[in-house]
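Below you'll find the structure I mean.
Letters A, B, C, D and E mark the chains as written, and numbering starts fresh at 1 in each.
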Amino acid sequence: MGILEVKNVSKNFGGLKALSDVNLSVRENTVHAIIGPNGAGKSTLLNCLVGKLIPDTGSVMFDGQSVLGRHPYEINQMGISRVFQTPEIFGDLTVLENMMIPILAKRDGTFELNALTSIGSQKDVIERAEHMLEEMSMADKRHFHSGSLSRGDKRRLEIAMCLSQEPRLLLLDEPTAGMARADTNNTIDLLKQIKEERDITIAIIEHDMHVVFSLAERITVLAQGTPLVEDTPENIKGHPKVREAYLGESA
Amino acid sequence: FTNDPGSASTVKFGFNVPQTGPYADEGMDELRAQELAVEHINGMGDGGMLNTFSSKALDGTGLLGKKVEFVTGDTQTKSDAARASAKSMIEKDGVIMINGGSSSGVAIAVQGLCQDAGIIFMAGLTHSNDTTGKDKKRNGFRHFFNAYMSGAALAPVLAKQYGKDRRAYHLTADYTWGWTQEESIAAATEALGWETVQKERTPFGVGDYSSYITPVLNSGADVLILNHYGRDMINSINQAVQFGLRDKMVNGKQFEIVVPLYSELMAEGAGEAIKGVYGSMNWNWQLTDEGTKAFVKSFGEKYGRPPSNSAQTCYVQTVLYADAVARAGSFNPCAVVEALEGFEFDGLGNGPTLYRADDHQCFKDVLVMKGKENPTNQFDILEIVDITPRAQVEYAPDHPMFAGGDLGECNPGA
Amino acid sequence: MFGLDKKDTTLLIVVTALVVLAPFILNPFPADSALAQFNAGYPDLMQRFVIFGIFAIGFNLLFGLTGYLSFGHAAFLGVGSYAAVWMFKLLSYNVVPAIVLAVIVAGLFSVLIGYVSLRRSGIYFSILTLAFAQMSYNLAYSVLTPITNGETGLQVYSNDPQILKGDGPDVTHLFGLEMGSAYTLDIGPWSFVFSAGYYFCAIFMLVAFYLAIRIFRSPFGLMLRAVKSNQQRMAYTGLNTRPYTLAAFVISGMYAGLAGGLMAAMDPLAGAERMQWTASGEVVLMTILGGAGTLIGPVLGAGFIKYFENIFSKINDSVLHQWFSFMPDGMEDFMVFIVHPFIGKGWHLTLGILFMLVVIFLPGGLVEGGQRIAAWLRGRGKKPAGGSGDPEHHPKPAPHVAE
Amino acid sequence: MDAILLQILNGLDKGSAYAMIALGLTLIFGTLGVVNFAHGALFMIGAFCAVTLNRILNLSYTVVDETQKDFLGNPLKVDVPYVKGIFGDAFGNAIIDWSVPLAILFSIPIMLAVGYAMERGLIKHFYKRPHADQILVTFGLAIVMQEIVKYFFGANPIPTPAPDALKGSIDFGVLVGLDVNAVVYPAWRFVYFCFAALVIGGVFAFLQFTTFGMVVRAGMADRETVGLLGINIDRRFTIMFGIAAAVAGLAGVMYAPINSPNYHMGMDFLVLSFVVVVVGGMGSLPGAVAAGFLLGILESFASMNEVKALLPGIDQIIIYLVAIIILLTRPRGLMGRKGVMED
Amino acid sequence: MNVKPDFSKNANMAETAPAYLSVWDMHAYYGESYIVQGVNFNVHEGEILALLGRNGAGKTSTLRSIARIGSPLVTHGEIWLDHQPLHRMTSYEAAQAGLGLVPEDRRIIPGLTVEENIQLAQIAPPIGWELDRIYELFPRLGERRKQEGVTLSGGEQQMLAIARALARDIKVLLLDEPYEGLAPVIVDEIEKTLIHIKEQGMTTIIVEQNAVRALELADRAVILDTGSVAFDGSAAEVLGNAELRAEYLAI
């Protein structure tokens, strides 16, 4: 039994079958990559996991509990965090404030009316936020207005925000897209480190094969809304169908 | 007492009128008249109605040796704003009296305030029975006539013109003035044999009355009574005419429209729609008594137009207040109240007039007016049909339409 | 101090000083000078300043922090006023129960409206709140007349029960301290009025302001700003935005209710027009004019608008003639003619023009004006420090050369 | 039956006014994304175009008539309009009589100019500013426009009659076989409805059958990218604004005989037109028009005595009640576009 | 390098390879932040230039400055495209003068269908490829032509953004991270397309994090570091210079 069990999930948009009968099982404490051509339905699948979309059929179980029909915030509180394909951060707030919000959410839950304590007094939260920024080597930008970060930085911030929640399942939708090579490598290292240190499962969508093959322990290839194969990285690399439909000659 | 001018060389009046909002034009005319009155009290200009006024206590040297000054404020035709403006006049400018207030809601609100603050309130354009009925106050006085008087004056003329067998439909502005006017007119006409088919309330300032007018068409009524004023009345009568009401024959009779409370400015705004429509007024510049002539001349020369009945009311109230102070020899509100209560006078355009002590309501003749069929100029829009003698519009102080209130004690304030 | 950092403490102290000394500050001109017209230090207007200040501070807690623009906030103020006047009618003229009930009723009413309206965002939310408030207004004006006394406004009549009145005063009071009582201090030609009612309201205003600072600086405040910034991210971070927005809405509704209750406590009459959209619009304008999302801005905006409404509307031609009387006659008339359209009945025109000037030249509202003046003053004292952040990549801009 | 027919007719003309005002507003608000509190003022200015033309046509020279006296007893001065002098009595009178329809032509250039000046001079700088700033500046502008009109025309409504030929009423009852006089409807209101249909149709044709509408919508969603595609979006925004101002103005011109224009009439319509636009759905022209007619007709029905007897006070709140119901059942109003003014 | 080039026609005639697009001493600000700090480079007609650098180096800002977007605000410098002074133009004028920018976050217009997004590019002159030709290159877009552009998958959106540029008859194509989020096969496709349009004489500037890929494609490379040019030379030179790569590109 995996920590995440997706069974027979289908999703249509009008006449378009974005997902049809997807089955996926992610084992606890592994890095599971989902790859596939553009428009294969990878992001759609992720959307079904976090409550952004409700699948037409099928079931999604996380740690033995169904996530379907729950609000996104409930799903997050169950321990699933997600990094989006285009960065979703609090653009009006500073980098440090961005960092504090997930930490507060983790500490206080979905709602807490702590209107009369001062943020400055939340030493533990600030410390932790600063620590995360260090780890992402963004500490020097902590007082920047996050909306004016370059895109690579926004993405790193978002990853840091998700990691700070110590989720049990981390969903990454192209986390290193647009990131400089050096930072991509740092991110790979960070993810590896986190996976080792903590009890965390990662599902990652990536088109950058360097990232995929450095991290993934299992890979699912999705094409036209259905899983084509699921296997180890080595086997996927050599899979002719995958090469043809997705990787091309250059990989 | 509040705002005692003491040994100061001047004394301040407060003129609180609508300078913005639907009655702004009336407010402007009131201001003009009040300014004129102050001028006359201070001995400038031609003296206007001071020359014809039966009391000669005012001699054109100001008031008790003090020069009269005034401040103005904007009521915005809202109770809250009017009270704010009045309060600032009292607290900041130190006025000894407040004159003005169009719309009965505002007048009642400000009257209550003046009572509490301990100054005199001379209510301006307020026609609701409540102002000197259930909301009357010892410190407040009203020179203007009221809804009951309109009914009493109008009904006989209507009966004469339109017969005793009529079915009336009321459209009524949904506030104190509308309610009391509806009640008064309905009672007066029913007493003469008319039947009231329906009474409909319309919100203040709706603009488009068509949806209230269409039901009239098939209601079997043959008279429409518009208990509206100002902009509302202009809109409702125009729309009633557009819907062909005045060309209609119902129950074998010509359909008619009545506007119980008229004003010149309103008539000007309504244009052709008011031709031949009956209504009542407190005063009109076409009267021929000496007071009126003096006032029209004085006002007309200064402002290039005849005064409206709003102007006359506010002028007269300013003069009456000043006269009462002069006669009492004191600015103390209680002395003024005493001087005004039961005061009888003449020469201010309305003929012999009584300030009744029981409710502070003035009693005088009431005019019944009709929209002129063939106006010759811009100001010649209404004609006087009947001057209803005072006796006919009088009522007992405890008349049920005025019951429930209590003048209370006079309050001189701190 | 009080759990505030240094900057906020300074702000609070400055505001407190201003509020306490308002009778002096607002009456800078000798009582009989020509400029006495511009004095605003009389009880009614001072009370309005602080009461509308409370209203605007509360509104800003919702709008400034969450970005939800309510166009129906006056409804809560109106409901608060009605509740307070009913307390006067039923119990006594003591203001305490009136104000307590005003806040509670406004709070409950805002739970109701907020719960429904917050199901939508953006302009749809604004129109929902507008619709609720207009409904309340129209009903208060018509079918609810038995409760509201319609257009005349709800008043206390001498035959009302007032079961706790005993032989207490016939005016609003705080355990015997009459709200209308005032002490006048004459110093030479100056005259300063200290009104019990004003200081009563001022205390509430300071508390309201202090609480607003605390909320702004709290984790809750941070969450509200996050709501404004990105609701999607919030939800995927495990936060339920709805209770946050609802809490902000209700707190801000209670502020409005408090303002309404205080209004009734100062002047025991509640008119329906307090709930009309124009009244809701006014608080929106106050907040934006002062600077939405800033702490002190709403208060400044409220003061600005109320000052114009109450001071400019009272300047008439005879006052103008007085001012310009030193000039030769022709000149005097000319000046009066020029200024005439902007004062008295033209005060709206002046206000309209000022609205436009402020938004055009001070995008951050009056607060930005203040900041610019402060920066200018400081700039004259010492040279500005280098730009913020990393000096390598963000040095001060070079003077514009081309274009 | 006849009562219902009458209310439908009645709702149609009210709906026409709402729809036309909302149409103009939705071009500025739903399409350009500017919360334009001055839109009511544009409507008002349109109405005053009619008043002004009427006044111009009535410009007169004075003849002293010794046989009559004025109110101060001096000989009466009688005004004779120049147009009568120039064109002779009959034709001159006809011109004056038809001043409102003539004002349509008069108002179009004026409204376009007002719209142009407003957009270039002010609104242009506010596209990127927060809605709150837009509210403040347009509200300020609205007040200024109102006060200027009030300064010149006074606060009281100014009667501006329809041409005599269109003043009467039409008996629709007879047309559908009901009794004479059962369903009488003012001719001018019917003209107004037809005129509205024409204007609405024209605007639709322009925006639907050309790419103009699409470009403006795109520019509204993302000016920067549209600029990168070589499109001068500013110019199109200006044109759009001009059209919106003209539509509002035309709605006002023709409304003048229905309700005598006064300086405040725009504010009276303002809130309602925002409600109509939002109920119709942000960014949707058909939505705004449909909501305009829907609310107009419902309002008309709600004020029937039978309905009021059942639900007292319903006539006062029907519009807001319906707005709430619609907005709660349909997240973006009747036909709103996603993402327009939702945050 | 800091000598102002002479743009008069005669002078160009004298040179062997006249600069087609020339950026001279360009400075630009986001508000107070000084971001583009004196950038100089030339691109010759028909050439592909790779513009490289780390996250936040100012690549995007440079492209936006050239495209005259207004943010960042160019305060100094000259930009010439084929003898036209771009620095005196607004963004739409620059676009009409032949500049085409594919922005980094794709900027698909919400509310418009795929086809409308392309049509939008064909309103102002000069008009380029026809719809059919575009759909031939990107059949995926043809299939989705009636779908709202923003609901496309990330990769599909990238295709649409490039399609929009091709729909205009441009002289210089500025590509900001065109490969981001694309499946390897599609990257191959697009690369082929770029080569194809280069063969037809298109001049291109490409910003790309996948530096190696970009360098293999490009003729020349410019490396930016904190807002100014750190290297300007041939692409091969960068590929061959390990030190350079390590310092500025971390590869």
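Just so we're on the same page, contacts are C-beta pairs under 8 Å (C-beta built on N, C-alpha and C of every residue); 3 or more make two chains touch, one makes a residue touch a chain.
Owing to the predicted nature of the structure, the values given are computational and were not obtained by experimental measurement.
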Intersection of the contact lists for chain B and chain C: D
Which chain has its C-alpha centroid farthest away from the centroid of chain D? A
Averaged over CA atoms, how far is the centre of chain B from the centre of chain E? Could you give it in whole Å? 77
Express in whole angstrom the distance between the two chain centres, defined as the mean CA positions of chain C and chain D. 34
Rounded to a whole Å, what is the gap between the Cα centroids of chain D and chain E? 48
Two-or-more-chain contact residues of chain C, please, as numbers and ranges. 138, 141-142, 348, 388-389
Where in chain D do residues touch two or more other chains at once? 316
Would you pick out the residues of chain B that each touch at least 2 other chains? 20, 24, 28, 203
Per the contact definition, I'd like the list of chain E residues that touch chain D in the complex. 67, 69, 90-92, 95-96, 100-101, 103, 107, 109-112, 116, 119-121, 123-125, 164, 168
Seen from chain A, its contact residues with chain E in the complex are 13, 16, 35-40, 42-43, 85-86, 148-153, 174, 177-185, 207-209, 245-251
Help me check something: in the complex, which residues belonging to chain C touch chain D? 63, 67, 69, 116, 119-124, 126-128, 130-132, 134-135, 138-139, 141-143, 231, 277, 281, 284-285, 287-289, 292, 341, 346, 348-349, 351-356, 358-360, 363
For the complex, which residues does chain D have touching chain E? 211, 214-215, 217-218, 221-222, 224-233, 283, 337-340
Parts of chain C lying in touch with chain B, wherever the complex brings them together: 39, 42-45, 48, 138, 141-142, 150-153, 155, 158, 171, 180, 193, 267, 269, 271, 273-274, 309-310, 313-314, 316, 318-319, 344-345, 347-348
